[in-house]
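Have a look at this one before I ask anything.
For reference, chains read A, B, C, D and E in written order, and residue numbers begin at 1 within each chain.
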Amino acid sequence: MNPTSAHLRTPETPLLAGLPGPWTAIAVVLALAIYPLIMSSLGEPFYISIGSRVLILALAASALNLALGYGGMISLGHAAFLGAGGYGVAILAKYGVVAAWVAIPAAVGLAAFAALVIGVISLRTRGVYFIMITLAFAQLFYYLAVSLPEFGGDDGLPLSARSEIPGLSLESDLAFYYFVLFTAGLAFVLLYRLVASRFGRALVAIRENERRMAAIGYPVFRLKLMAFVLSGGLAGLAGALLANLSMGVTPHTLTWHQSGLLMVMVIIGGSGYFWGGITGAAIFLLLEETISTHTEHWNLILGALLLFIVLVAPNGVMSLRERILAARRAPAAVPGKSAGEENAR
Amino acid sequence: MSHTILQVQELVKRFGGLVATDHCNLEIRTGEIHALIGPNGAGKTTLLAQLCGELAPDSGRILFEGRDITRLPIHKRVSAGIVRSFQITTLLPRLTVRENLALAVQARTGHSFDFLGTVADESDLDEGAEDAARRVGLIDVMEQIVGTLSHGKQRALELGMALACKPRLLLLDEPMAGTDPEESKRMGELIHSLREDHTLILVEHDMDAVFRLADRVSVLVAGAVIASGTPEQIRNDPQVISAYLGDDESAETEAVQ
Amino acid sequence: ADSMKVGMMTTLSGPGAGLGIDIRDGFELAVKHLGGKLGGITTEVIVADDAQNPETAKQITERFIKRDQVDIATGVVFSNIMLAVGPAFFAAETFYISANAGPSQYAGAECNPYFFNVAWQNDNLHEAMGKHVQDKGFKKVAMVAPNYPAGKDALTGFKRFYKGEVADEVYTKLGQLDYAAEIAQIRASGADALYIFLPGGMGINFIKQYSQSGMLKKTPLFAPGFSGDEDVVKAVGPAMEGVFNTSHWYREMDNPVNQRFVADFQKDTGRLPTLYASQGYDAALLIDAAVKSVGGKIEDKAAFRKALETVKASSTRGEYHFGNNHYPVQNYYLREVVKNADGSVSNKYVGKVMDKHTDAYAKECKM
Amino acid sequence: MLYLILEQALNGLQYGLMLFLLAAGLTLVFGIMDLINLAHGSLYMIGAFLAAAFYQAFQSFFPALLLAIIATALIGAILERVLYRRLQRMSHLSQVLATFALILIANETIKIIFGAQPLMIGMPESLSGPLELVADELYYPAYRMLIIVVGLIVALGLYLLVNRTRIGMWMRAGASNPEMAAVMGVRIKPLFTFVFALGAALCALAGALLGPLLAVSVGMGESILIPAFEVIVIGGIGSMRGALVGSLLVGMIDTLGRLLLTFGLKLVVDSATAATLGPTLASMMVSLLMVCVLFFRPQGLFPARG
Amino acid sequence: MSSLLSIENLETGYGASQVLFGMNLEVQPGEAATLLGRNGMGKTTTLRAVFGQLPAWSGEIRFLGERIDGQPTERIAQMGLALVPEGRQIFPNLTVKENLLAFAANRSGRADPWTLESIHALFPRLAERAQNMGNQLSGGEQQMLAIGRALMTNPHLLILDEATEGISPLIRREIWQVLGRLKRSGQAILVIDKYLNELMRVADHHAFIEKGRSPWSGDNDALAAEPELWERYLGV
């Protein structure tokens, strides 16, 4: 009955803390840097490109996490930005622009611009309306891409070669992996700075209570729009890299299923956690890679797994650690049930 | 005679067929506590919402220190010095008191589009937050999660958030609603103390508080100001008595029957 | 080699799953008939589901090439997926035997020594129907296809042989459900025949609704073979009676390979075999014949390619051979959905439409 | 031309009412239980498959329809008890994820049970012909007429249920404030089970009714889910009136738009451009409509709450 | 044991934080009782426990002699307990008339039950607004509606939680008058409010709550005899 108590009951999303320490970051970077070397020495070069894919989708999921986890904007249309980045690179390549330092920033710019347009309109709405309007925009992009022969229609646009950087060929999987690692690494540093900054703090607070933040003088709409554009731009970067990895882009990247999967990754990992998108993408792709080779009913298992995660760890794997810590701190002190259960509505 | 800080001229706001603010005129003088009273549904909250920019009026003008702010967005009005508190407590319930207040200070000091500085080492925000907490008596509960505070403390924080923005004109919407007699009293003292640095518009149904605190009172009925004056004038205004205050005598007799 | 690996990547989940399942089952039936060996050497078939998603397909392709190191790949149903994965197979010099997808790119300028198609070039069934409609003397034909490039290509294929007036050319939304508006439009156009290219569920929906509108009796419906196949018949039911379709294969084909295939497929799966199943079966037979002719030495890629190009493989459709672009040169037939004695409906062979037909892109192929 | 437009209007009405059957359930469940159910389309699919199975067993349409509705409502009630009741307390995000998972599970399960090939539901013989509405000029398939009639009856029935009965009042009360409704003595849990089962029954009705017109196949739920969501968002979530108006709007615009857009464009640009642009725009039209509506009315046309 | 409602040694709280530590309270048939205490002492929490919205960790709650702790909310309501809640909680998407009719029942089996007409007679304003939606009412009208809505269930016990919060003086006075009339008609009432003078006039029996316990209870005269209680438990 008390409006504030409703907020207290929702699954605990992280608030202003929850950023990784420098040592964790360094360890992760080191591990990622030697990963392909290990795979090569094991004679499993296949896993290098899997590694690139994981990194790229981790970036995409983290981009979505910025809007969804930190900003509370549940976008079911982020595939549009992934696709915008991919098509940006592919279209430029079609017209002969293959230099990475031109094509990739241009693709990111295109995605960010798309996010700006979509954001300006969508951010007027709230809740489910926002979910649906972002979905509708992604659908618009999909139909556009499918029906325009210039974009290859249903067949998509192939990329005849990867983007070029002077002095280094990206054609080998290993070189490309390091290129992805470097680019995604930069993006993650940017993301880290974003969520740790005053901007990030204001964003999280807006997620918590928009009306209050407006009343104490935050330009709420502009802050949310900015986050949405940054999120779209970063998703576009992921899309540009993905197109380079798979040597082309197809309208399938734009389907709502793809948006749904990105969201699934974020939630598996933990929305609003810095490592949420990364963990989620890694877990998802590794599961897919291992399970789908053994059964054609992979979707059944994925579905069951997702359901299990929602019911057991509604805020993802990253929240488990906190929940375990919390449980240890308060060892069944109260005979009552947890706050969530008693107010069954 | 002090000069006018806020002027409302012929303000109109409609919700469908309902005229919630009906050619409303109002003048607030610098440094006063101006109480705004009126029956339920008279349009007090709606008027405040227009003053702070949450609602856009259909016509009329709002002048703040002589400047037309009718179309200014909320955050620009906050930086100009108009801040409101809410009738229904509106806080960030999952954050601590310190975090709540620091956010308010951050809004004032700007840089919310500063993407690169980290928050952790910003002692100026902390100082501002502690300042505000001291004024509203929350300095002892700085690290507590707001959602677990008692109603009265939340009301105090509601006010503290507004204060942390360093407003010149403070709009208070029923700050005493739902507070117990003791906390009402404390809130009254707090409001009284604010008077030194701020101009206040106070919407309140607790008449004891209104007549004790206010320098001037305006009475809003059906969206228009029907009377404006000192507490004494208002208390005895027959129009106000019949529309709002009620006739003490009749009530007494009814209850005793 | 004394053993080989075949990568079977096809669509096993999602709306298009039925087709992929048929290809896989057809292929596996052939392997079973051949005692688990193709060309006399032990064959492992690695099955993977592309989920009709080009991205997934690319991942599987990587795995096939780099980890499983398959010798031969097959199975893709949809052309857009084929185009997405083709370059990777070709770069790795892995033979790809398409059991369905036959994009025009790979038939023409982008033809590739490592790509073979045992089904048909995408335009073929449309061309065959164009010819039939032309031969039958229809003068004013309306056409329906989804609004994407493949839809336009299909109608172009049809018009390559149909020379009469086009009453109306309607492009629908991809994945559309309700075609009442289009059907009314076709009726208003005064067409004397209708040709549709609506793959998958779109075709089923359209044919049902077309039949129910009473139009099927007035304006005959012509479709490519896959829109009149047994899976569609099963979904549409008796309303399907009277739909004409063209195909390079029909169930009653009078040859022992086909008869054994049809009987055993039905016995094993409980379904009537479709085009797709026959193509999967034929793909396995082709591999079998080619491997046998090189004596199992598939490492010698040049020799193996030569064998694939020239070997006379037995097949469910009788005789066919490859053109210069590795697409089949074969006959096309007309089928009609008719009511059987027991009240059920199924396809019946009507007659031959094209003899030893070569696709239109072959001349652009410089291989 | 007049009769063509008239016929298309009927088609639009029919398509709209079919969307309404789904949108009504979706909006009930969302508005009343505050639950985003992406798996609503799966209930529609389950309803259609059950109808097909019953049809194959009995070779008769109406018994199959009835049995499918009952069975699906039962499945809905069980799902609500076992799963949705928990989801209801969770964030929208969790609901999206969980019901997305349900879609995957439902599709795969149906495929395992019924196979990947589409199934058939036969149409009742008596309704298979066309009706002559205007002698020699306007014929309309009797079966589609049935859908229109059933759709209108259901719309009226739902309107009366929600707006005129005590159960309807409880449903609305429970929608805006379930805790308070319980304090007033409403048995909220059975009420929610009922609402969910009702939504499932409407799904089955739609699935079975459309069975003779559309392919009964795995994944049929998703293709209808997005239009149904668009409908309720345009109409205003939780509002029965909004669902009806939204459905008819979407039905009409989609149907007539496809026809008129290409015609109209031909007047403005050359016919080749019109032929490409027309269908492309037509396929985007409903999404565009939604974007426009939400731009001017971010809460939809008939917002239900406050 | 003829109490209408009795709470004995009730303990409960939210999650890990306990709010009630052995709370006691009794309401007799036909009387008007109050529950007095500062903010956050657990008044509303007590009511939430009574209505089964919060599980009792220990202790007993009885209504009409029957244990009701552990029962579902709607069952407790149907036994004849009605609440005018904090913040009114009018159903915004029901009309005024529907808000009244939706839950109409005669739960106490009264001979002359409250009906729409008698509620309209009690609050003529509600008759004027019968077709308005719940959210189109002013705060005071909503408060009247909340009382009317509760009365329409003809409860054995009517509970009001801060029914005068945010209400203008004129209407506040009306509400007190109505409560007086209800009490005189024999309706049992439990009131939580901060206007002590009015409470003294309406109620027969008072209980204080502090930190989740009830340190004192007694009738009007006993309370008048110990003015220091005001100071101690309410700070006035």
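To be clear about the criterion, a contact is a pair of C-beta atoms (placed from the backbone, for glycine too) under 8 Å apart; a residue touches a chain by one contact, two chains touch by 3 or more.
Bear in mind that the values here come from a model prediction, so they are computed numbers and not experimental data.
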Chain B and chain C share contacts with A
Via touching chains, chain B connects to chain D in a minimum step count of 2
Per the C-alpha centroid definition, the whole-Å distance linking chain A and chain D comes out as 31
Taking each chain's centre as the mean of its CA atoms, chain C sits from chain E at a distance in Å of 75
Taking each chain's mean CA coordinate, chain A and chain E are separated, in whole Å, by 50
Dist(centroid_CA(chain C), centroid_CA(chain D)) in Å evaluates to 34
Going by residue number, chain A touches two or more other chains at 1, 5, 8, 143, 147, 299, 343
So chain E residues touching two or more other chains come to 53, 85-86, 89
Multi-chain touching residues of chain B, meaning two or more other chains, are 148
Seen from chain C, its contact residues with chain D in the complex are 12-15, 17-18, 21, 147, 169, 171-175, 177-178, 180-182, 184-185, 188, 201, 204-205, 208-209, 212-214, 231-232, 234-239, 271
Counting only contacts in the complex, chain D reaches chain E at residues 166, 169-170, 172-173, 175-177, 179-188, 304-306
Per the touch rule, the chain C residues reaching chain A in their complex are 12-13, 47-49, 53-55, 58-59, 62-63, 66-67, 79-80, 83-84, 87-88, 103, 147-150, 152, 173-174
Within the complex, chain D is touched by chain E residues 51, 53, 72-74, 77-78, 82-83, 85, 89, 91-94, 98, 101-103, 105, 107, 135, 149, 153
Listed in rising order, chain E residues that touch chain B in their complex are 17, 37-40, 86, 136-141, 162, 165-173, 176-177, 180, 194, 196, 198, 201-202, 234-236
